[in-house]
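The structures considered in this document are given below.
Here chain A shows up in two complexes: once beside chain B, once beside chain C.
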Partner chain A sequence: MREYKIVVLGSGGVGKSALTVQFVQCIFVEKYDPTIEDSYRKQVEVDGQQCMLEILDTAGTEQFTAMRDLYMKNGQGFVLVYSITAQSTFNDLQDLREQILRVKDTEDVPMVLVGNKCDLEEERVVGKDLGKSLANQFNCTFMETSAKAKINVNDIFYDLVRQINKKSPEKKQKQKKKSLCTLL
Partner chain B sequence: MADYSLERIEEQLKVKIGEAKDLLTRNSNTAAVYCTIALDQEEICRTPTIERTLAPFFGEEFEFKIPRKFRHLSIYVWDRDRHLKPDKPIGKVFIKQQELQKYNNKEFWFSLIPVDADSEVQGKARVQITFEDGLGYLKRSEEYDDRRSLETRCIQNDYKENNETTNIRNNHQLHNHNHNHNHNLHHHKLSSKRRNTTPDFRKTDTHGRVTVRLMECLDLAKKNGACNPFAQITATYTNGVKLVQRTKVRKKTNNPKFTEPFSFDLTVNNNNTTTSTNNIDSSTTTTTHSQPNAYSIYPIDGADLNEISLTLWHSTPTFNGSGGGKVFLGEIRIPMLGRQQQAALKSDAWYYFKPRSLQESGPPGTPFSCPSHGLGTLRVKIAYTALHVFPLATYDNLMDLLMEGIEQKPITASAVHILGQIVANKTDVAHPLVRLFTHKKMIATVIKQLAEQELSELNDLTTIFRGNTLVSKMMDEAMRLSGLHYLHNTLRPVIKTIIQENKSCEIDPAKVNNKNLINANFFNLADYVKQVFEAIINSGWNCPPILRQLFHDLRDCAVKRFPYNSEVRYSVVSSFIFLRFFAPAILGPKLFDLANEPLDENTARTLKLISKTIQSIGNFVSSRSSNQFNKEEFTGELYKHFCKETYVESAKKFLDEISTVTDGFNNNNNNNNNSSITPAVLLKEGMMTKKRAQSRKPFGSNFKQRFFQLSTNSLSYAKAKGKRPTCDIPITEIVGVERLSNNNDLKMQNIFQIILRDRDRPLYVQTQNCVEEKEWIDLLEKICENNKERHTMDHLGAFVNGHYTCCGRMDEASEGCSQVVAYNPYQWELATTLDPAKDLERIHQMIWANIETLKRIYHEGGERLHWQQDSSHRSFIYPNLMNEKTKCRKTIFNMISVADNLNEVHTKCNQSLLQKLMPGSKEIPIGDDNYLQLSSMNRGFASKRTVVGI
Partner chain C sequence: MVTIGRLANIKHILQKELFDLNDERLISVCTVTKTYKKKKACYLCLSTSVHPNSLKTVVFSQVKPTEKDAEYKRKHSFQLDEIKLVDGKDENFETHEFDIQIDKMYKYYAINLHERQNFMGVLYRQINKSVRGEKAVFKNIPIAWLTEKTSPEKSIVKSETEGKVDTEDELDEDDAEDFKALTEKEVNELNKLVNECDFAIKDAELFIEQLGKKLHDLDGANIQSVLASEKQVFSLVEEIEKAVGEVEKFETRLDTYDDILNHVKESMEKVGSKNAMIEIANNNNTKLLNELNGMISQLDLPLSAQQALSDPDLKTASGRQAAINAGKALQQAMNSDIDPALLRLTAVQDQRKRFEKWKLKFSATISRYLNNLFIHLGNDIGEGSTQTQTHDLNLQSHTHVHKELAAYTDLMHWTKSMDRKTYDGLTKVYTSSLSKIYERDIKAFFANALHQIMSRIRASREDLLDTSTSRKVSAVKVTVPYGTLGASRDIWASNVESADREKFDATLEKVLAELEPVALQEQLFCINFFQLDVLSPTGKNTQTTLDPNPEEKLSVSEADPNFSDFLNSSQFPQKKIDRQINEEVRKMMIALFGILEPELINFIQSFEKLDSFYTLYVLVRLTQHVMSAQDTHSFLSMTFASALVHVKRNFDRFMQQQVQSIVECKLPKKSKCGILPYVENFEDFAMTSENIFKKTERRADMDKWYLQIVHKIFEYIAAHSNDHPKTPSQVIKMENYHHMFSLLSQLKVPGLDSAKKDAKARYNDSLKAYVTKYFGRPLEKLNLFFEGVQQKVAQGVKETEISYQMAFSKQELRKVISQYPAKEVKKGLENLFKKVDKHLCEEENLLQVVWRAMQEEFIAQYNYLEERIQKCYAGAMITLEFNINDILNFFSDIAKSH
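Let's look at the complex of A and B:
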């Protein structure tokens, strides 16, 4: 079974953990508990194929950013989360994306831009069009979600799996080659 | 007006070495790679070695103040130890000093360039040149001292070098070199002829001669610790003829003096290529006829002198009969084609040595790697700042402007708040602001005001102080600045134990192969968490008063804003002390100076698990809902273990303690008692070489490597780290510290002496590099200052920042305190680290960088202003009320005019500096790019100035 390493990034309090836990355990975490770094594993079926997702839920607090480098290096797909109720969380993503591109050393990185808390329409500060245009600029998928109302949560991760598949199709030949080498 | 001579330059460098890729060295199984950072040729720091990969990940960050002038930063990538052979450099990143600013804290992939002797160059030389024309009298060219022509020549020189660099690739062979030379020349001549800028020089110079003397060299590079230099002087003529003469070898010096004169004809006859009239000692003259004269334009009546180059070589000794070789040390090229160039030369000037054929360095860092040289690439982040800092009084207006706003309402009209809005990176603003307000003893006031404002706009209690706002950033900085010693005293012992024991603590079943181990691991982890937790909750009363004041104020604000929430009084404090202070320190002890050694994977994981648990306990205390939910399943058992009533109560008690203000300084006695009981705080440690004062042996005979530790109590050294100190000197005994110049009697570099009371002879100490030297001397100087103050006053401490460090009394004339206690380490540390003038200069630079934005905000109105900056959207929100808006605009106006005035001081200072500095002097040798940068910067300043006025 193929493994997918997914990293969830964004400022503090945007709902990274809420989205991740909603996806993995189908529970909405009411209580707020700032994350330092959590990792989860979940097996899902995407387009008829079994996949093992390894999801790294990261710290929004900037004190912990020293570790960013390492998980950006190891991650294959990235979820960039902001909250539609806080402008600054939206602005922070530009730097994050730039850092990912530099660490990955390519322009083409599987990525989804996520505007969370879309159930709080009355507190909205960041318009949907702004999100769309940023996604355009990032050349990535965009969706507005709600971990609380369970809107679009699974789609984030499925979309990312498809992007990773598209970018680097599974190489079965390579494994064959390896076994040949050991025979020799 | 400020006295410009009092200006100082503060340079700071932060380098993060991320990772390398595609390294060209042995195969991945045997490779062992590390990096070193060097200023010029001097190694400053190195990363740990990463083994068995050609794509090593370092993730190491280094930050230091630059103590001396330097010309380039190099980052070398090494392959370690191949069977007792010296480590082999794989390649390097090479950046000129004046280009450093371009990398402005962004990450870049650098293609490694080859490390060879030809590019490893440092030092400067004084060269005398005299021309003698055919009529027999000397022409001194210094009358022709036109600054501007020199400047342009410097630029041309640089340009030329670059030009050549692009032409010459991977080839150091002489004939090829000449070929290119000729080629360039050909063009040069043709174009100059066409423009008719060179008059008919051939006729006038027909019989002239030039004499070159290499008076002295300074700071040549040492090769394997030795330097036996000799110089080669080469005259190149327009037809490609080269005449070469050389000096004798000078032994064991990197500051040699060669006074022999070398003369060359200004023109040579094409057929007569063996002109050698110079017969000095063993100096030899050889002629190279490099190319057929295909490129010469004057085949009939000879060729003119085009250039004189001086090349320095290190002569390597002979081994077992095999002939000694030579290693390139540096080269100076002086163009002398025609009268004009000759006249522009100084008869006596200093020159920097240049590389012989600097490889083209590709694009100087790109967002993405491009394998141009095939040696590999290195991802590096560089943040370089150079601040020209004036005496504190120069910044009085700026200081007043920053201070006056914070006690008036509304805070949104204060300069501090406006700065927080316009500067994109909040940390950049928070750092100098916190230091300034701490210096002014107003840090609690300003943070309280800003927090009140932030809370007034907050609706959702759960995300209280969670965003990266000015308040949270300033709190981070304040906790780091004032709480570092507290952190060290609290956590250092337990972190040290954890790192040394290196027990396995993995409790995630997905990460453990042998499931039977989980129980044992769980026990280990729980024990560690308990130790760390207890260390923290027992430290409440050691928390520095300033931090307690801050926590108290924040709690106050939050309770007022959310009076019906019972949890907020704990959550607001815990979200700072646990989430932003203790948890990050446990997770990354190196970032908080809690550990020096690199952490292995196991320890890093253990610390991560502890950090997470501590954070969860801290959070649990404040928000106890009936059903505790665990995000990661395997942590459930652990959290259950700790979320018991006893732990919760003690954590609450701790949070209460650290947010209780002990009544001003009345409680200070208590504090002093504490500080005399608490162990001394370690200020700095490291290996150095020392020579004891008592020794009667001659200099240089008994220097020994020792492990030094400087604490707030004493300076001690031991034979090795962890050994019992063989010598322990109370810091009150230290009365002086003095740097020895590089030309000292001991012939050693980076050496200083410590003068001890009641002892005749000083203690000599040698550090590994100039950065270490500066750090030690800076600390020791502060100690001496404090010691001196102790004697002239009745107080045992010094009066620093408005209070005595001994008793904390705020009146300078207050009678002395009689207690004989050590420094209060916290206040002591503040005194050593604060530099208000520097912080004000940083703030000025920030305002100046955003001056156009400020002007727009001033001129335009409305509710908010949007603008685009570095491809991100930024916006400024005006205060709502009309009179507040007016106040806000007034502040902005003042900010602009203060910045404008300060900028004028900078411009004037630069101008007077430029007038004083002579290119070609020892301080500004020809080829010094800094000088060019300075002059161009000045032009920049001047032109910007005209744009400013409102």
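Let's look at the complex of A and C:
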């Protein structure tokens, strides 16, 4: 089974852990506890193929920014999360993306831009069109989600898996099969 | 004479017949025919209204006699201002024709020449008198007629009497309005005149003659007076001519003056423009002077400063001050704001070259001096600190280094803004020499901390090793991950010395607390000394600095894209600038304290190897430091944060090991299974963790793992319960779930509430299952008997008729009942008790509970049978050979006897 290393990034308090836990355990965590680092594993079926997702839920608070380089180096796909109720969280993503591209040294990195907390429509400050245009600029997928209302949560990760598949189709298996055949 | 008479006649007639009707007075009349049409005569009249209320207006009208000559009718009537032109055709008196242009040209032929003259005169006067604005033009008419006041008409009156002339004249001159009514005086005059010529009435002809004569005399006198005035006129003309001559002279003089003035004006203008030019030139000169003065004062460097620059004395405070001042003066001079055009001046260029030389020399001196100083300080302190290794755990701060260097702060700032290369070089030297010190300090510090904790732990362990040999075994096994849930109780309990852990926690806190001020102090010093809080160089020394290739400067800023970004757009938010500054500061701090992070992680790991529970302490302790930090992006915060991530990973790994150890746990090879090791260890584990986490910020992390571990325990209690050779699985489950339940109730972790409920349910289930299986049905045959009864009832046999069935007769029932005498029942129960006692372990002490559950079960069965007997065999007086009280006694007797 192929493994997918997914890293969830974004400013503090945007709901990275809430999204991840909702996806992995189908629970909405109401309480806010700043994450240090949590890693989860979950097996899912995407397009008829079993995948093992290894999701790294990272710290959003500023002290931990030094770790980002490492996360970016190891990750295959990235979820960039902001909260539609806080403009600054949206603004921070530009730097984050630049950092990813710098670390990966390529323009084409599987990535999903996520505007979380879309259930809090009355507190919205970041318009949907703003998110869309940023995604356009990033050349990546965009979705507004709600970990609380379970909107688009699974789609984030499925989309990322598809992006990773598209960017680097699995070759190892074929080679293994071939070698097996020759052995036989 | 006849004509005059006729005219007067006509005038009289017209006045009477026509104008009186309209309250008008006829002033003058002229009998005319239309030119070229010798037709009937008509009359041109000038009349004025005499109505007292109406305005006095003079009207020009043409009156025509009707065919019968008896009446007169006005044909045309015009206001005088309508008349545009009166043309007399010829100045000759004999001319009869004249034209009057009003709305069109009217051409007339005057029958009487006197009438014509008179009419023209009166018309002219009336027009001049009453018309305002454009007046009619009179041409080809003798001027005399128009100026002459006396008309022939009046002369008639004059000729009659000299005395009346005045009044008549006055009257006419004055106004025609009062003409009609003669005043009393006039009447008198007239009477007088008539009286003088009393003959007149009798002889009109004589009267006329006399009047004509008088008129003639008067005419003569008039001409005479006119002729007499000729001389005077001549002299007057002469005077006038003289005056004209004078005026001409005067004019020529004025002309010459004018010429002169013109000339003066011209020259004045020239002078004026010249003056303006001079002023401009003057202004320019002043400006130039100011500019030059400014430039020179800016570029001038005092001699003392020059000396200080070329040979600075950096050792003494006064020398330093002089050097700093000189440096500042040079910087100011080099950064002076001079117009780019002026920079081309050779003098400026030369001065700049000189500046550059001084700068290079000064900067080289500073560089050399500070370089040596840094290295010297680095070596010096290094030696000093190694000697003073105290037992107190503290990290030496290097305030005296900072103090010593603080004197050079200004010089450093100067270097930063003036000579970036030297600045960078000096920064490197500083960090490399200071980092050596810090590396040594930190290493020693951690070693010291490690030593302190280890010595304590070792000491306490050695005590234990001496006293009990069994501990030796466990001490050897320290290499195996220690403190996992799945480990057997012996290993688990070994080495546990909460005092050690607390000591470690305290030491860790001390380590972290010691690091903070030192790092903070160094950071502050660096920011201040290297001016890290200012992004751009303080001076924009592009102006006068001789930059042979300005591209070099560009490349410097390009090298750091963020930096150039910042320079290019000043609208960058403060946040970004702050971040940039923080980045710079952090870079420097990393260079200085590069050793800190690996050392810290190393330190922590060395304890984790010993006892993974230390990880929990570190997690909590470090989180406190990281999350409470105010400067979230400072070097230390981020270093601690990175370490924290490592610790968190270790923590997760440790917890994962716990889960794994449950899976891999082996059952104790005892006759009684009892409480499984992980369930037993969980108590200790949870207590320890709770003690560490209590209400700290990382509770959530621990709770997450609690849930996972508890669920794993539940899962594996069920799985392992089947593996024990002797103890039945129900007992294992019952005992362990019960243990978990009581433990969770004791812990009161809110996140585990549902797990607690789960444990209770599982415990109850397994208790029931155990009772059902092992208590079974001690009155088996009775139970079977009544099962048969129930079958029959189900087939439709009435409960009251059951006793008539062969197999279920009263006899049969009695036979079955007799098989269960009280003694036998008690014996069976005793055996059962022994069996249960063998199954259950002492730790959990569930025997009483189980026994009571069995008693209740037995009573329930008994009650059921009794009820059945009452229903189906009512009145047969059949009962079991023992009652409920007997049962209760059996149970309590058996329980008491053991």
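Basically, the second predicted complex is superposed on the first by the 172 of 184 C-alpha atoms of A that agree within 3 Å, B and C clash if a C-alpha of one lies under 4 Å from a C-alpha of the other, contacts with A are read in each partner's own complex, and residues count from 1 in each chain.
Here is the rule we go by: contacts are C-beta pairs under 8 Å (C-beta built on N, C-alpha and C of every residue); 3 or more make two chains touch, one makes a residue touch a chain.
Just so it is clear, the model here is predicted, and its values are computed rather than measured.
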Contacts of A:108 with chain B and chain C, given as first, second, both or neither:
neither
Contacts of A:99 with chain B and chain C, given as first, second, both or neither:
first
Specify the partner with more touching residues on chain A, choosing between chain B and chain C.
B
If you stack the two complexes on chain A, which partner ends up touching A:11: first (chain B), second (chain C), both, or neither?
first
Where does A:3 make contact in the superposed view: on chain B (first), on chain C (second), on both, or on neither?
neither
Regarding the shared-chain residue A:69, is it in contact with chain B (first), chain C (second), both, or neither?
first
Applying the document's definition of touch, where does A:27 land relative to chain B and chain C: first, second, both, or neither?
first
On chain A, what residues does chain B touch that chain C touches as well?
31, 33-34, 36-39, 61-64, 66-67
List the residues on chain A that touch chain B in their complex, please.
11-13, 17, 21, 27, 29-41, 57, 60-64, 66-67, 69-70, 73, 85-89, 91-92, 94-95, 98-99, 101-103, 105-107, 123, 137
Residues of chain A touching chain C in their complex?
31, 33-34, 36-39, 59, 61-67
Across the complex, what residues on chain C touch chain A?
623, 626-627, 629, 632-633, 637-642, 644-645, 648-649, 652, 697-701
Which part of chain B faces chain A closely enough to touch in the complex?
18-19, 21, 57, 59, 61, 106-109, 367-369, 379, 427, 459-460, 462-463, 466-469, 476, 508, 510, 575, 579-580, 583-584, 587-588, 591, 608, 611-612, 615-616, 619-620, 623, 625, 629, 631-632, 871-875
